[in-house]
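One chain, subunit A, appears in both complexes that follow, with subunit B as partner in the first and subunit C in the second.
Showing the complex of A and B:
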């Protein structure tokens, strides 16, 4: 506690009171002459608490409750069925197919986008590169486009009947038959992964650029003096130093990819057949697509999926803490 | 300080009120006669938006105290928002709902969504005369002597199964639209000619989501049925050899490159056809107005019946008790005004009917459609549908077993994975696989859910059984005789 000359005996008494309180372990009153903290702390917390309870806690609790009922989202909650929804979901082949697709999408998406965006970020932070702003804008543009518009663009580009890609390849003799990337089990999900990477490219490029700017310039100068080439600087200076941030970016990328939805709706609606069903689309179709809605069932599916996301987020927390220690170790 | 505290408390309270929601109901109390009334109507006929504005203006001119607010939104959003509107007590006065077909009224009553159009039995009886006799049926549109539903679209002309042919493409291929392919082999031959002699694809066949139904219903009805339930044997039927045979025929068309490639939605396929990139498109008579909206008129295309299989067995399209479109919300406090408006709208020679049909939006169950729909394409539609056994009256289990009004078995079985049939077919079609195994899995799942629930309901005292869904003496290409329902 800071000590200074006190102007009046009242304040001196207050300090003495504080010292006694500290000594006895009792609460120190607010320094305003009157203890208003009991009023003001809740007042300032209230707006946040209302919003947090209304938009986070309540929906979560409600989802848990709904998942225990056979509920269409409209009728009163009367048909309690216990864990029946969970049992049915665990035996639902479509849920597991969607689950598998979601994981596959998340892993493929992350594995493709992170190295590519890192490479471009490294290039865009080179001193010798001209028109950096232009390139940054070009790579960032797709993220500004609404997902629905991206879906429309690629529906047109990839359409085997008269899409621009097929037309170009056919007219230049590079194909004899049109290819239908979104129309086959084997290629539809991969095509969606690539389109998704295209759309999110700019965001992860910026993440990497922010990480790269944290690397002290002196280290590169020292490496130059030691005669290191670009590859050596990359693998022995840049990558080790951005590794802590890379862990966070990777986990962020995985968690975000697990929530894939809009691009599926606009491009394939889960098709062809069920080839590109993902968990979010599964939940949406059960909850809202066809009456009678199966809100309880969808809630159970959402909770099972939330558990998975929680595992990822928890993993992110553990690894982020380790990354923070590494960051402090490297002094960046 | 006190005032600051009071201000903060008030602000927090206001925030809490906003955050928690006021729960205000949209329903307004009953009005005195002549008092201003706003009737809210909702549907998903987006293409009719301008027409609805005309209707609202005309009705307001005739009834200055009544304002019609008719809102049309896309079907997907509508199906999601309407239940939420009911649960938040903000439902419109009149709403459009055709889900669950003949069981719509019972389902809506069970949900507490509807009320009768009128409590005045005399007024209702007079109004019912606008429809052919037998249009109002107990358990389907009537309950306890009160009218809850009424037929909107007619079910004779309205429905899938029409084949549209692009005249320019046919001409380039050396084909004559006045001699349309009438059999599956003739369709294959026409496709062969189109593929060989034009740059167009033969058939624009949408496959995205549930859009494969456009082609499927037309061809499957020729072999057996445009439903996925076998009413002769009381079982789900995607694995029926006749439907598998239909699928195999379509798969053959696809393998030969006769279907436009891509898992496209219906809008894309329609544009392909209208732009001359495909020679054939199969769908319902609503296409006449859709083509017109695309700037493609009946001088550019011809309409024919769907091709039939070369051999037997054969089937027909289904005519069912299913076009009860507009319902009066239980949350409406304007029953009398709503019924008055609907009486006005269903006047067979009135403003609504004349302008509705002038726009070719649909054929109506209470109007002389042939009088007002004079486009050559409509004349073809009438001729085709008037042909014997093009569309036949299907048996209705609800009329055999009134107890089904309280049964959830069929709805539960058919709405679990509701798009399952389309998903199975499209996934196997695009991968050139036999669908039998997947179809059997789906059918077994539906049938098990169906029979298990029927048994539960039977055990609880409901007079229902699989027999209610079985009409062994009826055939898929003949009208079911209503006299064969048991007398109640």
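Showing the complex of A and C:
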């Protein structure tokens, strides 16, 4: 199951493992080992299976069932209403704002963070640069902060009356009126996007760094002998070679950004108005925030959201396969 | 790569070396000031939190962007730790992080081992199912998880939170272990069999070889659990005594919105341990993340 920034890594690994591991799995001959394996195989599988069925497989099925009922989670599950929840959601303007904001967030977040992280990753992998380790640590730091906490910190820093940002800008004459970045429709989502970029920056920087170290050193030496400058080496050696990995990283970034939740709760609670209302927040507030809880309705929204995520993921799978072919083509 | 000198190095004349050195110096003179400024901005929120934790309540409110506590006090930490029950949040967070890490490690290592080394009916189906569900977003299945915990009678207990936090995760860890055990040489297992090792003994024999994966699982899960917000929020609604730091801090802000200094002290308390874990294990963490993308 995917959640939190670190889940991202999981997707990276899964994309890489998917095809290959299933394929090699077939080739494993039956090795019974000693006789006791018949007893121990189920025992070893049990802990994972119990939790997996209880907390992933069954919830998936149950979400589908709940979504067909009008259910508050308290009464018995008897009010079968068919696809009513779905038709109501499709006509719910709040859901569509949430949907639009989620996509907007995901796209903006990706478009901003990927080029910046690549730039810093390139810089931090230069041989000549001093204090690499120090800078890497600094850029990586925000990731250890709970997403919710970074949201809280920024509510203080961006506070319009005496927050650090406004005070600084006013004192240096860069601003005449204090600005409330999180309080305006136009700026709130962008501010959250930027804060989330700050938070996740180190992870993507590291992905790029890993990709960059895969480029064989001999290619750079060959380029040196041909008299290529740094810019030429970047555009004609590095970027074409990391393109397959870049496809994967881009899709990971998109999928991960679709799950935005904690930072919204702590920074704006979906406001001002509905300017930062996202799908995961929609589900949370329908199901858990205000009585009567609407589990059925929220489940239907959750399912639509899961389908949306799945569309992104299957797209990711297709592209990853394409990337794998490209990789073979380039012989990396 | 870095260890091997490039072939051109042998041909390098002192002039050429001097040229390279001057060029490196020049590039550093351009890049370093930029990086230092950006790093300062990057680290500013951390520095702000730590310094605000040492300010007086009034000082925190009027300090603006300044990072220098004046006057400097330490009472905020005591107030946050004792008065605002941060010690409880802290204890809960430690309990949740340690237990979910152990649960994840045990179940994924065992399952991954069996998936990698044995064929049994339903193996491929299970494998494909695990891969398919890695991408399920937590928000979309949290309602049934909540209902399940409720029906088990564990809703207002730490065990319930731990189960919810570690129940859904872990599919990825299984895949990491499977891939690792799959690539161990068969000779190892043959030798173990010749020596008469049984199933469990063989597992204990090869488990230490998976140290890199163990490190990745424990570090990822520990930091993830330490930072988790979504699951603890929903499973501890209205139960402050069960909340972790991330959720507790959010509630604390709701009720003490003017106590910036106390809040900052609480934040400092909450991220220092992770900071230490991170700095100590940074190498593992970086290698784990880069290893994951390389597949």
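Following the convention adopted for this analysis, the second predicted complex is superposed on the first by the 281 of 332 C-alpha atoms of A that agree within 3 Å, B and C clash if a C-alpha of one lies under 4 Å from a C-alpha of the other, contacts with A are read in each partner's own complex, and residues count from 1 in each chain.
FYI, a residue touches a chain if its C-beta (ideal position, glycine included) is under 8 Å from a C-beta of that chain, and two chains touch if they have at least 3 such contacts.
Source: prediction; values computed, not measured.
Novice: So, A:63: does it touch subunit B (first), subunit C (second), both, or neither?
Specialist: It touches subunit C, and subunit B stays clear.
Novice: According to the stated criteria, A:144 is in contact with first (subunit B), second (subunit C), both, or neither; which is it?
Specialist: Only subunit C is touched by A:144; subunit B is not.
Novice: Now for A:41: first (subunit B), second (subunit C), both, or neither, which partner does it touch?
Specialist: Only subunit C is touched by A:41; subunit B is not.
Novice: Output check: A:90 vs subunit B and subunit C. Expected answer is one of first, second, both, neither. What do you get?
Specialist: Neither partner.
Novice: Using the superposition on chain A described above, determine whether A:210 touches subunit B (first), subunit C (second), both, or neither.
Specialist: Second partner only, subunit C.
Novice: Counting only touches as set out at the top, which of subunit B and subunit C does A:119 meet: first, second, both, neither?
Specialist: Neither partner.
Novice: Thinking of the overlay built on chain A, is A:162 touched by subunit B (first), by subunit C (second), by both, or by neither?
Specialist: both
Novice: With both complexes overlaid on chain A, does A:318 touch subunit B (first), subunit C (second), both or neither?
Specialist: Neither subunit B nor subunit C is touched by A:318.
Novice: Quick one: name whichever of subunit B and subunit C touches more residues of subunit A.
Specialist: Higher number of touched subunit A residues: C.
Novice: Pick one for A:171: touches subunit B only (first), subunit C only (second), both, or neither.
Specialist: second
Novice: On subunit A, which stretch or stretches are contacted by subunit B in one complex as well as by subunit C in the other?
Specialist: 39, 47, 51, 54, 73, 155, 162, 288
Novice: Touching residues of subunit C toward subunit A in the complex: what are they?
Specialist: These residues of subunit C touch subunit A: 1, 6-8, 23-24, 27-28, 31-32, 35, 39, 42-46, 48-49, 52, 61-62, 64-65, 103, 106-108, 110-111, 113-120, 123-124, 126-131, 133-148, 163-164, 166-172, 174-176, 178-179, 182, 189, 193, 197-200, 202-203, 220, 223-224, 226-231, 233-234, 237, 245-247, 249-250, 253, 260, 263, 267, 270-271, 274-275, 278-279, 282, 286, 288-295.
Novice: Using the touch rule from the top, collect the residues of subunit A that touch subunit C in their complex.
Specialist: Its residues touching subunit C are 1-4, 6-7, 9-18, 20-22, 24-26, 28-34, 36-37, 39-41, 44-45, 47-49, 51-52, 54-60, 62-63, 66, 73, 123, 126-131, 134-142, 144-150, 152-157, 162, 164-165, 167-168, 171, 198, 201, 203, 206-207, 209-211, 213-214, 217, 221, 224-225, 245, 248-249, 255, 258-259, 261-262, 265-266, 279-280, 283-284, 287-288, 295, 298-299, 302-303, 305-306, 309-310, 313.
Novice: For subunit B, which residues are in contact with subunit A within the complex?
Specialist: 5, 8-9, 12, 15-16, 19-20, 76, 79-80, 83-84, 86-87, 99-100, 107, 111-112, 201, 207-209, 260-264, 268, 272, 277, 411, 415-419, 423-428, 430-431
Novice: Going by the contact rule set out above, which residues of subunit A touch subunit B in the complex?
Specialist: Touching subunit B from subunit A are residues 39, 43, 46-47, 50-51, 54, 72-75, 94, 155, 159-163, 178, 180, 182-185, 268-275, 285, 288-294.
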